[in-house]
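Next come two complexes built around chain A: one with chain B, the other with chain C.
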Partner chain A sequence: MRPENYQPVEHPASHEYELYFGPNHPGIEGNYALKVRLTGDEIVGIKADGGYLHRGFEKIMEDRLWIQNVALVPRICVPDPPPMEETYARAVEMIGGLEVPERAQWIRAMILEMSRICGHLFIVGGTAATIGQYSNMFWGITDRDYLLDLFEALTGARIYHMFITPGGVRRDIPDGFLDKLSHILDYLEARLPEYDDLFFNNPVFHKRAEGIGVITQEQALAWGVTGPNLRACGLALDVRRDDPYLIYDQLAFDIPTETSGDVLARTMVRRSELIESIKILRQIVQRLPQIKGPIRCDLPNPLAWNLPEGDAYARTEAQKGELAFYAVSTGGSKPWRVHVRGPSSMHAVQVLEKLCLGGRIEDIALIMFSLDACPPEVDR
Partner chain B sequence: MTTNIPIKSDPNTDIACRTPDMEERSLLRKVIDRIADRCRSRSLFILHYCTGCGAIELPPVITSRFDSERLGIQPMVTPRQADILLITGYLSVKTLKRVILTYEQMSAPKYVIGMGSCTINGGMYWHSYATIKRLQEYMPVDMYIAGCMPRPEAIQQGFLQLIDNIDKGQAIAWQDYYYQYDKYLGNQQALFGPDWHTPTDVIAEARHYELFSENTIGEHTALLAKFASKYVTLQCEELVK
Partner chain C sequence: MSQQLPEVLASVFREIPNLVFEEQTARRLRVKLRPDALPALLELLKGRAGYLHLSAISCVDWPDTDEFELVYHLWSYEVKTLVSAHIYIPKKPGRYVSVYDIFTPAAFFERDIHEMFGVYFEGSPDMEPFILTEWFGPPPMLKSFSSLDYVEETFKWEQYSPDWLKEIEANGGGIVE
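Right after this comes the complex of A and B.
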């Protein structure tokens, strides 16, 4: 501190103190911050402080061609990019009246479910790490890497695939891909009992997570909670079932729910969703070889591609909750406006603030990770 | 890296400043520096600060699959104990302030790695109103890892290269921050406004490390003093009231 810059601030005597939680803090998910007021270790006030990752997506997208935005949208949510591509592509298809071939729809669903498993493994490991169980984090990240290898074989990239384009997908699946996928699914299923022993049935975790960060059903609906967090309160709402997109109406899967709405319930919902995603992927592996046809519909020259006037709202059940794109076209080669409705902007701001209030400081990280908020998507 | 010839003695402190010229060091100094560089390169801590999307490739790098611990590289939570500041992607202006504060808190020698094309030229967000485009305008960078996003293998290759550079005594970009503080501060002020100042007294540190040069102070650091004195006067006025 430069001595000449030092300004003593007089505060009245108080038991409260203010703590800056993040952005440079291992207990926070990504580049995000919270301003916490505490007495002892009890939280009496909390304010989310985002904006560290703001890039102005919605503005940048207005500046680029419809097809150029395909490369931009996955970067909105880093741990789970494919739903972004898919939803954007679907919004564009709705405006342009494009028909996606059936084979492309199956491939898209496969990518979405693989990404869901990746995201769940990542966040369950992260939740474990916040209470000091690092082995689970190491396992989760390593197992996720097997799926990333598959993504690489399919799309050429580990994280940002830019594989789902308006009108279909970029390439067909390579030879032997489905065998590799079912092999990995077998492996993941065999790993699940080990995860149970280490983490999901661990009494330490149960003691720590039970009754922490409880959301009731009314609160969940009022605060705009979606995805696994909503299903952890006992509401079986899922866009894949309620408003089927792609080929989800031809697949058999359950919507797992829990009732208590606390950290434990949210983690357990994710565990069951892992099993459901594996089930869905098995069905896709079985059905995909029988579905023949093109993987992309005919597009005009994408560099001179003017969409007709109109708007569209497309929504998806992403790994973190309900994701939606609202795109407006005025008949030009660029979007007039694109709005992103991300799940995390609710979870990381209003829900997190309310759940932490009255809690204890050591639970902030646990609650944040159990809500599975994704700061790059909050700030956009 | 551009290094200027530092002035021999500083009129304010009367301390003879060390010349950084490698050849002018005494033999003992050279031996000690060599040993220190070798030791430093074998144990590096990355600051746990994930600034952009590249951060998603760091968990694979530091956990079992790619395991950077076998290179002696581990994450560290506090800036004071960290050696490497890994800028994992785009920096919004708000983050850049925190990054500069963090960088100044780290103790020398410190190394900055810019990861991803966003740190090099703005990358994907080259026309975004919220992000900075060239990291090296605001702090000296030892190495860039290109790619969007770089693969874990590329990141590890970068680490290996950095280890090699430290071992050879070539990773000295941090000294540039002291030699050219005025330039870096000017760029920061252009972004954050003329009254931008950080808690760390970089000029005093430059003297302490004997890295004070004629470019350490200049018109921009003068502004620092001007605004600092404004705060002081304000404080005095308040006291009078």
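Right after this comes the complex of A and C.
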């Protein structure tokens, strides 16, 4: 609640009342608020209220060297930071004309897919928790932790790795890392039937999620929906396939889709993407040992590194959807402007408002988690 | 270069006077045009070339020329090429038309640019602050706004000398600048 900011100038009709949903609410992702107008438990008006996580990244980045921003960007999105690093690094590489060595590209793709699994486990657990199925959330967090252990072995950090830098990656993979990764992939695959029994095939969940928060294909395209949420409407569109980066054009993977566009479809797309990511990681585990070479291209002294004049728009398929960085250089040692387009800038504001309208109050949390809306990306 | 340009895009670009384009890399087209022609370009791209996805609108402040640069990033799921349309508008009065009627996602980006840069978009559904609801200063993303100066003016430096630190300093230790 924000008493200093909240002045009820308009008194709602007597059968209506206003409710602040968030910023401190277990049913909301991150610190985010929704100002909801209700009659009974039906939503007749909803307005998103952001800004609780605004840290001014875009402004701070203009005062930092190109290389210093590597430490800043992953903090924009907490559950899925590596795509931020990757997209920023690729924008810098596009401006500077840097060629990333092949081995580094494979390592980067490996990190991105590991992060995708982490994010999906996290959000699928979260979706289950919004309807009271907490066991699935605990399972998701626990299984994600095995991957975080791998991240720690690889990069020294569990969440904010700062591992992908312009021109490559920071270091090579440690000995025995790929074996450990295969082991975890085997484990996750073996766990999946248990998740199915507990959650994905659970009739309670199906009954609760079917027909809730439906997006049609036309609406999805018009509202700028991307990522798994778009694929849940039956459109097999993926930045990895349409605008390939790194080595994604050398990997074999499917783009899973569902047709109904509701909460159930979005959750089932994420389940299928878990399988696809495991498939991609298995290919990387197989191919990476054969790819020799450096892990970083030659860079000048990063503390005295002036990028040529220019601009670049880099896009990545993050776990939540299309992530893009627009970077402008004026030939100096610092960026002139960096604009972050998080996938949630659409999902958490316009799409969420439109989907909740006419729904019921108990569905707000379910719809928000099923959209995988991430407020830190919106506020930046 | 224009040989590689898909015919559908070439036909759209021919319709717009004073349009300059360059291919930055594969799948990246940089287009520069006059501000009054931008809505027409977006309409044509959407209607004729399948540019259904407005990926983002970015704003860049250029204090030397007293201009804002607005960049509309559009992606087509059919042509599979990103078109970045660059326009320059004068900082005073800093007004431009909304493209909300063409692309719904524009509402978020226009609202964001309005509160961060102070550009007003006529016809945008909501120009109320979203992130900076409790901020009454100038638009913070302007180059003329220095966050360091703001901090120096707004907050006071305080002497930090707790007892335990005094003890250490008496023995010749403490915070070394």
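The definition used in the following text is that the second predicted complex is superposed on the first by the 367 of 380 C-alpha atoms of A that agree within 3 Å, B and C clash if a C-alpha of one lies under 4 Å from a C-alpha of the other, contacts with A are read in each partner's own complex, and residues count from 1 in each chain.
One rule holds in what follows: a contact is a pair of C-beta atoms (placed from the backbone, for glycine too) under 8 Å apart; a residue touches a chain by one contact, two chains touch by 3 or more.
Note that the structure is predicted; figures quoted are calculated from it, not measured.
Asks: Between chain B and chain C, whom does A:24 touch in the aligned arrangement: first, second, both, or neither?
Replies: It touches chain B, and chain C stays clear.
Asks: Could you tell me if A:137 is touching chain B, chain C, both of them or neither one (first, second, both, neither)?
Replies: first
Asks: For A:79, select first, second, both or neither according to whether it touches chain B, chain C, the two together, or no partner.
Replies: A:79 contacts chain B only, not chain C.
Asks: Is A:51 touching the first partner chain B, the second partner chain C, both, or neither of them?
Replies: A:51: touches chain B and chain C.
Asks: For A:343 in the superposed arrangement: first (chain B), second (chain C), both or neither?
Replies: A:343 contacts neither chain B nor chain C.
Asks: Which holds for A:242: it touches chain B only (first), chain C only (second), both, or neither?
Replies: A:242: touches chain C, not chain B.
Asks: Should A:96 be classified as contacting the first partner (chain B), the second (chain C), both, or neither?
Replies: Neither partner.
Asks: Who does A:376 touch here: chain B (first), chain C (second), both, or neither?
Replies: first
Asks: Which partner does A:167 contact after superposing on A: first (chain B), second (chain C), both, neither?
Replies: neither
Asks: Residue by residue on chain A, keep only those touching chain B in one complex and chain C in the other, then list them.
Replies: In chain A, positions 4-5, 51, 54, 56, 59-60, 63, 379 sit in both the chain B and chain C interfaces.
Asks: Which stretch or stretches of chain A touch chain B in the complex?
Replies: Result: residues 1-2, 4-5, 7, 23-26, 30-31, 51-56, 59-60, 63, 71-72, 75, 78-79, 122, 137-138, 141-142, 145, 148, 158-160, 376, 379 of chain A touch chain B.
Asks: Quick one: which bits of chain C touch chain A in the complex? Just the residue numbers, please.
Replies: These residues of chain C touch chain A: 24-25, 27-28, 30, 52-56, 58-61, 71, 73, 75, 77, 80, 82, 84, 103-105, 107-109, 112, 116, 130-134, 140-141, 147-148.
Asks: What residues on chain A touch chain C, complex-wise?
Replies: 4-5, 48-51, 54, 56, 58-60, 63, 94, 221-224, 226, 235, 237, 242-243, 311-313, 315, 322, 324, 326, 328, 336-337, 339, 341, 345-346, 349-350, 379
Asks: Please output the residues of chain B touching chain A within their complex, sorted ascending.
Replies: 47-53, 55-57, 59-60, 63-65, 75, 77, 79, 90, 92, 94-95, 98, 102, 124-125, 127-131, 148-149, 151, 197, 199-201, 225, 228-229, 231-232, 235
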